[in-house]
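Each of the next two complexes has subunit A plus one more chain, namely subunit B in the first and subunit C in the second.
Moving on, here comes the complex of A and B:
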């Protein structure tokens, strides 16, 4: 399946849930509403034409005004990839866990919470993952994060 | 006889016998300098250069340096690679587990001052001299095996110059 075929199929079948974003990339990126995330993910996984059975990655973005969670999915049998982007408010960002669809999301969601401060609902084990166990300095990947020994790159 | 020739000038061969006069200090220093067994402690890309130096082309063994997998048997810890804040307590713990006399080589930019992670990094310890006392700094990113060998030879020279009274006080 090519990316163009994927875009056509998603436009025909997922028009209500997925909005194509113009990112300039070859790989399609779709926006999903946070409250629809789990149902859309389940449909993407169980759809016979798509079969997105592989959870590649979960990334976070802090643009300064809003938080974004980017889900990268792939399908082994159909040889396609897609990115889903969930846009969240900057303060009190919350997202549902997709572990019931892909159990592999567990560690990625812990990482997302730990580094970006996006709370993951229904996670089950939202504890420290990469940072030291006694870390108490907040969420270091946020744009406004600061610490006493943090040295910012000077403007050149 | 090779070892005897390398001892300091106050070694003396007696006529008609196998006796050598030297100082205890010279013998201890020689023994320490020529058997720096190092702890395998590679945390990033510097470890690749450390492995390369230990392999046959550069051959650490000719300096009497053999890797040890446990700090209890090691005399030297070569901190090869980035030390993160999460790794720092482990480095201190390994250092504490080593028996005296113990020495530390800071290999590469990361262990000296954070290296490429000096700016904009929340996780990297900016210099391992905050954690353990360092005997020798080897700059580079990562240092070539030649640099590491030269650093180790300099450390050997440093050990040979130490006074017995100095290291007893530590």
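Moving on, here comes the complex of A and C:
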């Protein structure tokens, strides 16, 4: 399935849930509303034509004004790939866990919580992970966070 | 004996255990010598590479990627360059693509040779370690004569490669291929039918394909469970669609199959290197790219087939000369996540074999 066919299929079957974002010429990125995330993910995984059963990646993004969670999905059998994006408020962001769809999401969601402060609902194990156990200095991947001994490189 | 008191106890395996290939702590709950529960504790090697990348230009990020997965640093170099090229729409010259494929495949072989050595050493056989590192040295010498580095290459750059191969590269490379092909027969003779090796590996740590898929496992570990999934074929990047090679798979998904599969992959990679050397065209090795180039705002998730599964990077650009966000994804991350599921109900000694056969390296997990 080519990207154009994938776009057509998603436009025909997921029109209510997925909004195509304009990101130029790359692989399609769709926006999903946070409250629909788990249902849409389950449908994408169980759809016979798509079968998005490979959870590749989940990355948080802090753009300065808002938080984003970007899910990269692929299919083991159908040779297709898609990105889903959930846009969240900058403060008190909350997102549902997709572990019931892909168990692989567990560690990625822990990381999202730990480094960006996005609370993951129904996760079950939001404990310190990459950072030290006694870490109390906030969420280091946020744009407004600088380490005390952080030296900015000179502008070229 | 009726009043014999038994209790479960907890043991730390690591963080400095020699068989954890880096600094990983496994908290084991044991009943006798049987493992009831495994809890991996990671983060000892967290160097905040993603945060560092946000403060650097795209060209400056590439040496950082070397430290992400240092056993196959070429893949990481390629991965980031490829993602940045997709973002900025840069065309790579033909010769550079061939050089990249040669380096990627040589690096895959070097990585599998390390696997061969350290896996056997974890289980108690020292000779394979010496064999594996001896042949790996031939490949490392090739890298050294090309880019001056033996581990962190910084060779594949945005737009091409940093320098052309020297004149003596091709004969030395062909010689190395010939030697490794011959030595592979020794390798197989040493372990394939070795009774100790069979007892320690056959039927140990079976990963059912459904479990692997649920936990996002990829690469040789998943192919040893019978799922034929290789990004070089299923989502081709660079010029892999021009080469004739097979994707080996195995059925049982145990430690032994994972070992056999990696030896099969070395043979396929040798074929690819040979084909690429035969077809290597003349021409430029680098497109003209400003060191401070600014890709347009956008985002890309790029992925390559590494010796440890899918290696991916997500880059978001806001139109500036530094990336807004770089998220790295390594195959080891998912393989370590699935370890508690395949490692329970086995013996502590078997856990060493399972951990080794998953070929996890920790810098890739912790970043």
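Brief remarks follow.
In this text, the second predicted complex is superposed on the first by the 150 of 156 C-alpha atoms of A that agree within 3 Å, B and C clash if a C-alpha of one lies under 4 Å from a C-alpha of the other, contacts with A are read in each partner's own complex, and residues count from 1 in each chain.
The rule is short, and it goes like this: contacts are C-beta pairs under 8 Å (C-beta built on N, C-alpha and C of every residue); 3 or more make two chains touch, one makes a residue touch a chain.
Worth saying up front: this structure is predicted, and the values here are computed from it rather than measured.
Of the two partner chains placed by the overlay, only subunit B lies in contact with A:149; subunit C stays clear of it. Within the superposed three-chain model, A:131 lies in touch with subunit B and with subunit C [touch as defined at top].
Shared-chain residue A:107: touches subunit C; no touch with subunit B. The wider contact with subunit A, measured as residues touched, comes from C rather than the other of subunit B and subunit C.
In the superposed model, A:140 makes contact with both subunit B and subunit C.
In the overlay built on the shared chain, the residue A:81 is in contact with subunit C alone; subunit B does not reach it. Across the superposed pair, subunit B and subunit C both touch subunit A at residues 130-132, 140-141, 152-153.
Partner subunit B is touched in their complex by these residues of subunit A: 130-132, 137, 140-141, 145, 147, 149-154.
Per the touch definition, subunit A reaches subunit C in the complex via residues 23-27, 29, 53-57, 59-63, 70, 72, 74, 76, 79, 81, 83, 102-104, 106-107, 128-132, 140-141, 152-153, 156.
Taken together, the subunit B residues at the contact with subunit A in this complex read 85-86, 118-123, 126. Interface residues of subunit C, counted against subunit A in their complex, comprise 42-43, 46, 48, 50-51, 55-57, 60, 86-87, 89, 213-216, 218, 227, 229, 234-235, 291-292, 296, 298-301, 303, 310, 312, 314, 316, 318, 324-325, 327, 329, 333-334, 337, 366-367.
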